[in-house]
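These notes concern the structure reproduced below.
Chain IDs A, B, C, D and E follow the sequence of writing; residue 1 opens each chain.
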Amino acid sequence: MIGSREERVASPWLVAVTRLGFLLLLLALWWIASQLVSRNVIPTPLATAEAAARLWADGRLAAAVLTSLGTYLGGFALAVLVALPLGIVMGAFGLLGRTLEIYVYALAATPRVAFIPLIIVLLGLGIEAKLFVVFLGAVMPIVINTYAGVRQADVDLVEMAHSVGAGRAQIFRAVVLPGAVPYILAGLRIGATIGLINTVVAELYTAVTGLGGLLALYGNSFRMAEYFVVVLTLAVIGVLVTELLRLLEAHLTRWST
Amino acid sequence: QSDEPFRLVVTHLEPPLVPSSVMDLALTLGYFEREGVDVELVRVQQTPSALAALQSGDGDMANIGVDALLQAIAVGADDLRAVTSPNKSLPFLIAAKDSVAAPSDLEGAVFAIGRIGSVDHSLSAEVFDTLGVDIDSMQLFSVGQPNVRAQALAAGQVDATTMSIGTWVSLPDRAGLHVLIDQDAYYAAAPVVSKVNAVPASVLAERPEDVEAVIRALIRISRDFAADPQLWVDAMAEALPHVDRQTLETLAPSYAGSWSINGGMSAAELRETTDWLYRTADFAGMTAPSLDAWVDFGPLDAVLAEVGIVDGADPADR
Amino acid sequence: MTPTHPTIRFAGVSKAFRQRDGSSIQAVQAIDLDVPARQFVAVVGPSGCGKSTLLRLADGLITPDMGTVTIDGAAPVPGPRIGFVFQNFRLLPWRSVLDNVGFALEGSGYSPPDRRDRAMAQLRKVGLEAWADQYPAQLSGGMKQRVALARALVGDPDILLMDEPFASLDAQTRELMQEDLLRLHAERQPTVLFVTHSVDEALLLADRIIVMGRGAVLDDIEVDLPRPRSIEGLQGLPAYATLRARLWSQIRHLVLSDPASAFFGRQPG
Amino acid sequence: MIGSREERVASPWLVAVTRLGFLLLLLALWWIASQLVSRNVIPTPLATAEAAARLWADGRLAAAVLTSLGTYLGGFALAVLVALPLGIVMGAFGLLGRTLEIYVYALAATPRVAFIPLIIVLLGLGIEAKLFVVFLGAVMPIVINTYAGVRQADVDLVEMAHSVGAGRAQIFRAVVLPGAVPYILAGLRIGATIGLINTVVAELYTAVTGLGGLLALYGNSFRMAEYFVVVLTLAVIGVLVTELLRLLEAHLTRWST
Amino acid sequence: MTPTHPTIRFAGVSKAFRQRDGSSIQAVQAIDLDVPARQFVAVVGPSGCGKSTLLRLADGLITPDMGTVTIDGAAPVPGPRIGFVFQNFRLLPWRSVLDNVGFALEGSGYSPPDRRDRAMAQLRKVGLEAWADQYPAQLSGGMKQRVALARALVGDPDILLMDEPFASLDAQTRELMQEDLLRLHAERQPTVLFVTHSVDEALLLADRIIVMGRGAVLDDIEVDLPRPRSIEGLQGLPAYATLRARLWSQIRHLVLSDPASAFFGRQPG
């Protein structure tokens, strides 16, 4: 952060206003694009709003959102439960970390689609398979960032903690984790966005349900206004979750001026 | 005429084990070249990508599903026209676990479809209907892509599903599975044109000779294969060295009547297909277009005038 | 807890640090040193001579390359019974002042309210009771140092390792803290290793003064001045003047004789 | 990092040995899985090795790797070129960052597949469309981590830089960026892995080419040994790229003991 | 560069910091203070009384809530012509010692080799020439402080703002650095604001001493001792003893009269 220490916090009101301004700009661009691109590939904002009202009224959108949210939040929660301890352990035990990291990266770099046949055989087409696909997508960024955060722990503070006789667990809880919070939260943000993407992937490649199912339906029948409604719904879910994470971060780093 | 290669978009990644392989083989066997057209095959995974390619100008002709073409036209892409169909009847079949001995056993069982309202769903419903089985008595499970459906069946996650014969024969281990309804019975029950080659109006206007040359080449190769199925077996064995020759030998005779010798465009069949599709859920609330809103017989008729119509093969009624 | 009175012993201790260019710095070299129970030992010496390293060795935070460090015959085990005041404070930025002090007690079986009470009592002793709920980022330099002091003292340590603990305090607060430290030492008699840059401070507080230079112990001086001491009281004593002059010239010599020093060969101004 | 300061660096030899050991463990598990899972879904390691030799010999794998690498590295490079400045600017100008962040998260949370039709219509089926898909995947993690890293800049050091009269640009170069290096590198790692995944996605959904093409080909025709070869090739590329990033990080943080 | 001799002026300056609980701390309160050109002003006062805040205001690093700070009539602009030694060093961990010193010159049009030469010369003056290529993590506390000093001095500043610049140095090195600072002041005559905890140091160096307490200026003392000064020389002078006693009792009074202090009401020991 640059600028003197004192200019650091933008007022929430100002932020709201500039965000709104940017939204209007995006809407204008969208409208222009809808006019320029031929063949109705891009629906107008108005047509999209109408489609949204329609989908909301007949309850389809809400039902799909609920289904997808269940998959998404479940898979993401699993990913957090696995990734945090794994990242921490990898960061804490240097040799273990260095041993596992290449396998973590290898797994992270392998497309989820590639595992779909295997997942279907082992987990079927139902919620287990979907949760696993979401989990696979969200887990890696959290592991990678947590690992990086733990390795960045302040050696002076760790030495201080040793000097008061703190055990490994306590050093983690009191020194290493609080220091890694900004990393972990950036990892959670990335994991949350990728988890959402993978929710759609899961809904397309195992039993077709939820928002992914709607996407396929409207995509294949070229109902672009409805299609855009689904895409925007996904974007809104993404924003809500990452904003919640921002609040969490603000809470966890309230000590910094 | 353009010096650019003529880009033919196909939705398979290697010559498929079905008659639409003529598009790949016409290239490797030099049929296009002989007709004086420089064809470049562009491979995409699915019909939506192929359609988008036509719209972006990155493809000149695309082999796509009729349902997708009609959907696209319905929402405004009204300059697309079907000009020929090398694989009007996709050889679909219904495969099932051995525990499902007869179609009636499927009541209450799990049947996998692409998704509610998709073509495979509607077609299968039609097929079951003629056999006196109500598809709604089954648990329908939306599973998406054909290969995923096949995998789900192989993994025992569903009891039966629709797939193409090509997918069926490439399944590595069919133990415990069998064909419940074969491709002939399937087509007899649901005689609709499934795929066509479509071109945008701009290509029709700017490169008419190329369009005709492509159609001519496809007709010529189809006629050669119909005359001597062994030709197809040899060509496929060369193109797909990993496929057991025995498989090809078994498949070849079953395609005897499937080659589009006259271009695969029967006005009556196309009209029926339109009507049928517009009765399915995906087209609910829309009115069926007239044939000339999505078909252009012009190039094919020009070719047929030159090469003649073979009687007793696919009808060329207008 | 009742105090115990441990003996710290360095036997042939050497410690080197690797540098970027692959060479190493001999921070501490063949040190033989006994700190008997209850003794208050001050360590003085020029910048970079190894004082902080000596303290870290005594706490078991680093292990010697050669030789052994023992406390009552065993290898040192860091913990709240050894209070360590670090030169650079090392407060946890995400903990309140109170919780920073309480941190030293977390491994040792006090109940949380007990911990709070003891930490608060210690904060009171360093004059920061009113700041208990603030975070370190909001403290001045001297206040941070006092929090670090409170943390080192809160466990009633039997050994105190203090690295210039009063360097950031104003003269008066420093004097008052020195008094408190002397009182503490008189009462509980911990064994103390106290690094300081002030010869006067060393003479005021210590039973014995170690002069270090380039990693080695160069002089070891018994401070046989009467207790209780005060700056004013000491200044009249001839013994004080003698010791002070001896220490002063020792360090001066060290600084001026180091060929790596800018002051090498300079004549006293 | 825990343990006293001195235990921090595991010897490269030891790391190599433990990595190899873990690899053998994985191979053993793979072999067991290939025996247990029915219907040839999992090929044996041996069958996979034979398939690899075959694919390598006929030049198909090498050609596909080259094609995919071109797309991958091109798209990733684009992402880096856009993401670093964007993340930095968002971190530097608080209001701008707070304004844009929700849109960045929204974009990050929207499945790439949803944009494919639009991308094809606008950019075609060729390399431009592919580069763009890779770019879209890789850019977000880098932006998010860079943004987080820049916001974590040490305020004391920034104030010091102000006091010597350093300008904004200099403060960035000398203070903020070096401090954000661990964040940026974790972001690059995640971006690199997601970029690789998106390379495959791009190759599946636009003109089918490269490793993505092989994956689809072998997947659709159930040739699992070949399929595994492609998956493993992707994993190896992921490992190579992230190891290169590790070397870069070691170089950039050589100052820390 | 030829030196200029700026005047620093505080007019009714107040500055508060917000605290976690929403209340604020009045760090500096209604300060009126003129520092004429070339004057060497020492600032003393108890821990947390606002000394560091005063220096940051003088450099323009923070802006007052009320009142104005001016240097020769204009708002202060931070830069190498104002040298600032921070209480906590603030070295860039990713830069070598040499490049940390050179950092202060980067905005000011020196060529890179020029910068290197000047930085190296300054390192020599603080006795760290041999450490030029090492990183800060490898330095002892006193060495870090000397690097910070070198960085503040390398730009030939016209104003020096020094926050306990010698606090981490051993007695002898400190004395030699004091001599160097006095020589520098005699030659180039920068305007100096020098925070120190040592009354003796203030008396040795300063033309004038400001006593601060709870954010305000409580006393302003002209130091009319003859120059050149040395500790030894001063100790004989009656004026020195008087001033020293006055300062001492001022600070003592401040510390003992602060109801928030632990030493509130305590009798001198």
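FYI, contacts are C-beta pairs under 8 Å (C-beta built on N, C-alpha and C of every residue); 3 or more make two chains touch, one makes a residue touch a chain.
Which chain is which protein? Per UniProt: A, D = ABC transporter permease; C, E = ABC transporter ATP-binding protein.
Here the structure is a predicted model, which is why all the values come from computation and not from measurement.
Participant: Quick one: name the chains whose C-beta contact count is the highest of any pair.
Facilitator: A-D
Participant: Taking each chain's centre as the mean of its CA atoms, which one is most distant from chain C?
Facilitator: Chain B.
Participant: So what's the Cα centroid distance for chain B and chain C, whole Å?
Facilitator: One centre to the other, that is 86 Å.
Participant: Roughly how far is chain A from chain B, going centre to centre by Cα mean, in whole Å?
Facilitator: 39
Participant: What are the residue numbers in chain B that touch two or more other chains?
Facilitator: In chain B, the residues touching two or more other chains are 48, 55, 151, 154-155.
Participant: What are the residues of chain D that contact at least two other chains?
Facilitator: 4-5, 38-39, 41, 117, 121-122, 159, 162, 204, 219, 224, 257
Participant: Mind pulling the residue numbers of chain C that touch at least two other chains?
Facilitator: 20, 61, 88, 135, 138
Participant: With touch defined as at the start, can you tell me which chain C residues reach chain E in the complex?
Facilitator: Residues in contact with chain E: 17, 19-21, 25, 44-48, 51-52, 87-88, 124-130, 133-135, 138-143, 145-146, 163-164, 167-176, 179, 197-199, 230, 248, 251-252, 254-255, 260-263, 266, 269.
Participant: Would you tell me which residues of chain A are touching chain C in their complex?
Facilitator: 156-157, 159-167, 170, 174-175, 178-179, 181, 253, 255-257
Participant: So in the complex, which bits of chain B are touching chain A?
Facilitator: Listed in rising order, the residues of chain B that touch chain A are 47-48, 55, 68, 71-72, 74-77, 114-118, 141-145, 148, 151-152, 154-155, 157-158, 282.
Participant: In the complex formed with chain B, which residues of chain A make contact?
Facilitator: Result: residues 38-41, 116-117, 120-121, 124-125, 204-209, 213, 216-217, 219-224 of chain A touch chain B.
Participant: For a test of understanding, state which residues of chain D touch chain A in their complex under the given definition.
Facilitator: It is residues 1-5, 7-10, 14-15, 18-19, 22, 26, 37-39, 41-42, 91-92, 94-95, 98-103, 105-114, 117-118, 121-122, 140-141, 144-145, 147-148, 150-153, 155, 158-159, 162, 168, 171-172, 176, 182-183, 185-187, 189-190, 192-194, 196-197, 200-201, 204, 212, 215, 219, 224, 227, 230-231, 234-239, 241-243, 246, 257 of chain D that touch chain A.
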